[in-house]
Amino acid sequence: MGSRREVEIRVGDRALAAQIDEDGTVVVDGRAFAVTRLDEGLYLVRDTDRQWRIAVAGTPEDVWLSVDGHAIRVEMGTRGRARARHTMSGLETSAPMPATVIKVLVEPGSSVRVGETLVMLEAMKMELPIRAPRDGVVRAVTCRAGELVQPGVNLVELE
Amino acid sequence: MIKRLLIANRGEIAVRIICACRELGIETVAVYSAADRLAPHVSAADRAIHIGAAPPAESYLNVDRLISAARESRADAVHPGYGFLSERAAFARACEDAGLVFVGPPASVLARMGSKIGARVLMQRAGVPIVPGERPSDQSLEAIRTAVVRVGLPALLKPAAGGGGIGMKTLRDSSEIDDSVERARREALAAFGDGTLYVERLVERPRHIEIQVFADTHGNIVHLFERECSIQRRHQKTIEETPSVALTPALRAQMGEAAINAARAAQYINAGTVEFLLEGTGDNAQFYFLEMNTRLQVEHPITESVTGVDLVNAQLRVASGDRLPWRQTELVQRGHAIECRIYAEDPHQNFLPQAGTLLMYQEPKGPGVRVDSGVIEGADVSVYYDPLLAKLVVWAETRDAAIARAVAALREYVILRVRANLAFLGAILHHPRFISGAIDTRFLEDEIESLRSGLLADDVPLAALAAAAFHNGGESRAPTERTAPKGAADPFVTLGAWRG
Amino acid sequence: MIKRLLIANRGEIAVRIICACRELGIETVAVYSAADRLAPHVSAADRAIHIGAAPPAESYLNVDRLISAARESRADAVHPGYGFLSERAAFARACEDAGLVFVGPPASVLARMGSKIGARVLMQRAGVPIVPGERPSDQSLEAIRTAVVRVGLPALLKPAAGGGGIGMKTLRDSSEIDDSVERARREALAAFGDGTLYVERLVERPRHIEIQVFADTHGNIVHLFERECSIQRRHQKTIEETPSVALTPALRAQMGEAAINAARAAQYINAGTVEFLLEGTGDNAQFYFLEMNTRLQVEHPITESVTGVDLVNAQLRVASGDRLPWRQTELVQRGHAIECRIYAEDPHQNFLPQAGTLLMYQEPKGPGVRVDSGVIEGADVSVYYDPLLAKLVVWAETRDAAIARAVAALREYVILRVRANLAFLGAILHHPRFISGAIDTRFLEDEIESLRSGLLADDVPLAALAAAAFHNGGESRAPTERTAPKGAADPFVTLGAWRG
Amino acid sequence: MGSRREVEIRVGDRALAAQIDEDGTVVVDGRAFAVTRLDEGLYLVRDTDRQWRIAVAGTPEDVWLSVDGHAIRVEMGTRGRARARHTMSGLETSAPMPATVIKVLVEPGSSVRVGETLVMLEAMKMELPIRAPRDGVVRAVTCRAGELVQPGVNLVELE
């Protein structure tokens, strides 16, 4: 059972349990599928009767998938921990409005102090610094210079 | 022939024009704003020149900068595309003054047809039907009442000096006339300082039908039949098709002739489009001149598909002084074409334009499927420009087959993270009124709720979730409480409608 | 109508058939060998069934396995594609016996037209021109000499029992007759145990022209005009086009009529192709029946482009019992279409098929450009199957425009590490004989040197090397002495020809 | 000058010197170009008069590039060292004929002894082991199971 993972998929208001085996067997809400990777972000999913070609991109917190022309956003988490954890987190490093990233000042592994500027944005001809909400170490940077970013997405993730 | 062409535009239309040039051996010069440095239209050209900052006024609308880019690159011609400066007489004149061939009508024609009132008068003189109306020289209440009776009800009262709907009143019953005239006059005086009123027949539930015309510098003019553009929202077209199910052969011939008369009256050169309102059905349907678009249209590919011509190729040749490559009798419609405009917009948030990075972007392909696009995967969709990402154009032997092909292509289309209108387009194509052809310009307004209904998160197939789980299977981090970029928990699906 | 179709094929044609099914609402079942587990035709279908090991005999040629896959998936019909089992009467019969609709002609027709000699006799009786020839009942030297005189020089002496060119002799002068007859008879006896000889007119430098026909089960037969397939190497077609510059309207009508007669004589049903040799030019050119291909052709898309029909869609409907969707008078040719077959082969190593992983694979797109393909980037090209990767099909208003479009599309095509024939195709399209249309079936053989010349490493643009340097700029390791997978120092370029 | 690299490009019989600056300026055989990355493996190359779109893939020893529909193979090396080094190397771990990789038995970092099987191939229904030509450490594996490989390419590179 070392190769099996349990995750929770949140789609809309629902939370579904899924078990993923390394061999590509994935059980979602009790139904089993065989998943094969076709290409970067492209999967072939089979059950006994038919198959689907599904495109997937994004990070576990912000998974986008395309099925038959529909773009769907879901979230992925370790089972049971989702609700416990998400109250601790928040939009601590997100843009306050649609904005362009001017400069990213940290990289994964950087130690930062509270108030330190992590990312410099520009919107409506104003510079908008995004500052560290607390001391910590940068776990991930999810934006890059020149990119247009929307509110509601953390630009830097702290450990 | 033109040797080196500067394309004063961006996005899919700039790429389209570069394609045509490649096949004619014409060198291409792209221009780009700071937001478009890596855009497909830039890399597709033989050369590219930076013309300014992202806001259009500082780049794609900057006449001086464009003319100097053409000089700098030693271009001998300029194609304006559509939108931006394409219908500005001042830009065409600046090109002419700089010795550059302007791929479009002369500045004088742009000026002539750019005035709505002037164009209407010109068309009336040329015998092109316009919406019946009168501006009584006697502006007394009685005279206006008489005019309304002559024009017939329902009617519109419009300030003669006006625009934008200010002071406009709908008259459905003669009892409304007195009160409406008083209010319209008061509002017109307040807004324009002129209380003169105009009475016009109200065309209810019209179709928007336009005719493609093409004229050369040797006096030849042809039309290339109609495009049905009634599927629109606030004058933004969403789906176009040709032929129109509303046109009988007799009506099509009449409208084609009227469009040629309009072009001749305008002393038109190159590709243009005459827009009409169509009221009623059958041979006796009435059509009225709306306006002339003095440029290539966004939806030109459906005409290309059905008539088997290359309009941009012809534009370049006619601008070089060639004769039209087709005689009217050689032009025939074959099969059926549909264009779906792929917009970065959220149908669930009042069609708010969307911006951001295209996390995944994959176009459909197949026989009879053409995608004209100006974006690639990983590109940033900018807030500065039109949210049109691409045009899906399908052709098939019949209208039913074309609808089926468009549906299949939309299902294959992948656009992730930047919300787009793929599912909304699919819902239109599945709508009984669209399938039957019973559409008019109010279709989207009338049906918006049913087109958006059935977007159920519960319908997401478990198989899709299995792929998502496998994709992220290596990760076991807890999700953070986070909303989607534009409102969470609204997975953007219409599986009900699509499964039909 | 067919509800669920099993496609007994792979690669681009399987994908093409799946496309057509999608639009008709037919569910699809793909089959795959061990080498094709992740192939596009597998992932495009609604369901896929593994049928055996990579060698064709163990999978795509395994009738029993295919029939049981159809049963297992509850398919009600089978499309054989082209190649593999498509022309095997035994497979069609096995489908019929299993209660499966076979999308093609009945087994009896496949058997009838599969015999070259039988087909020839049938055609002769139906009045379809065949290459003039005689099998003298008196096989004496004198009788054969008389036959040669009647048939005319140049002529071919062929063993009546033979095939594959064994014992075949070319006669150009009557002085050669005696010696050739003796040698031919000796060789025929040795090879076939039968020294009977056949005398046939030698058709020199023929064009290969084929006519698409289509028949339904209600007695209707139409033809869909010609395809010019003279650009071939050892009977492997490389570039096809339609219309053929060699056909006058009168000749086209005659050949179309002959093809319909051939189909009627064969009691043909569904899509088929009648191949002819064409000798001479103008209305008086002679055409001779060569053989009938009792299936969909590889090059069917050029006919679709020019006539505006969907042949695979029609195949499925006719196989379901529908009437033909077109009358002969409704079918017209419009514009010009060219197909370039993209092969994984090395023109510099005698066209040796290439295998390996597609390091990069990107198809061109644009108006009038269609690519039917069965591979994606990262896929392994297998040694087990036909080296056809894709078909580039272009359509344009004129032949010149179609050539320009094909050239532009080939330049945009990216295929890296598996050698392909892109540059060779480009060289053909630039060849003066191709451009003028003065081609015949020996074109590639005659011109092979000039088509391969000009492949100069010195012409690689420095700009391309700059990109390569930048791509690998982070690395500073020394190169190892290593040859390219198939012979080093032959960078595969024809810049000279392409810049013309 | 710390950000400048000198490389040698070998194309056909020629060897051309190139200098690469991190800002994208690349000088080849004395001519300067500005190179911009458009996408994975896709570059826009400009000089003062025109621009080219070039696709590039592969490793420095086996670079493939596509220009106007032509596929070209070149080699890339540190300047001057190319000739000195290449006599020491060779096709020591390449397939003897076109073959399918059945199994890869080592990974980067593996220590191997001379004669140890590195990769198992199959061709013409025969198994063909590729063995280590000497003791060493695996620097890179350039093939994967299921792949069809051609002769003339090392499947495993030893340090």
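The letters A, B, C and D name the chains in turn, as written, and every chain counts its residues from 1.
Simple rule for what comes next: contacts are C-beta pairs under 8 Å (C-beta built on N, C-alpha and C of every residue); 3 or more make two chains touch, one makes a residue touch a chain.
Remember, it's a predicted structure, so these values are computed and weren't measured experimentally.
Student: For chain A and chain D, let me know how many angstrom lie between their CA-based centres, rounded off.
Tutor: 34
Student: Roughly how many whole angstrom separate the Cα centroids of chain B and chain C?
Tutor: Centres of chain B and chain C (C-alpha means) sit 42 Å apart.
Student: How many angstrom between the C-alpha centroids of chain C and chain A?
Tutor: Distance between chain centres: 49 Å.
Student: Classify the chain contact graph as line, ring, star, complete or other.
Tutor: It is other, because the touches fit no line, ring, star or complete pattern.
Student: Which of the chains touch, listed as pairs?
Tutor: A-B, A-C, B-C, B-D, C-D
Student: Considering only the defined contacts, which chain B positions touch chain D in the complex?
Tutor: For this pair, the touching residues of chain B are 37-38, 42-48, 376-378.
Student: Help me check something: in the complex, which residues belonging to chain B touch chain A?
Tutor: Going through chain B, the ones touching chain A are 355-357, 359-360, 362, 380-383, 410-417, 419-420, 422-423, 426, 457-458, 460-473, 475-486, 488-495, 498.
Student: Flag every residue of chain B that touches chain C in the complex, lowest number first.
Tutor: 16, 19-20, 22-25, 301, 304, 308-310, 313, 325, 334-335, 363, 365-368, 370-372, 396-397, 401, 404-405, 408
Student: Touching residues of chain A toward chain B in the complex: what are they?
Tutor: Against chain B, chain A makes touches at 5, 7, 9-14, 16, 18, 20, 24, 26, 28-29, 31, 33, 35, 37, 41, 43, 45, 47, 52, 54-78, 81-82, 84-87, 89-91, 98, 146-154.
Student: If we count contacts the way the header does, which residues on chain D are in touch with chain B in the complex?
Tutor: That would be residues 36, 38-39, 44, 46, 49-51, 53 of chain D.
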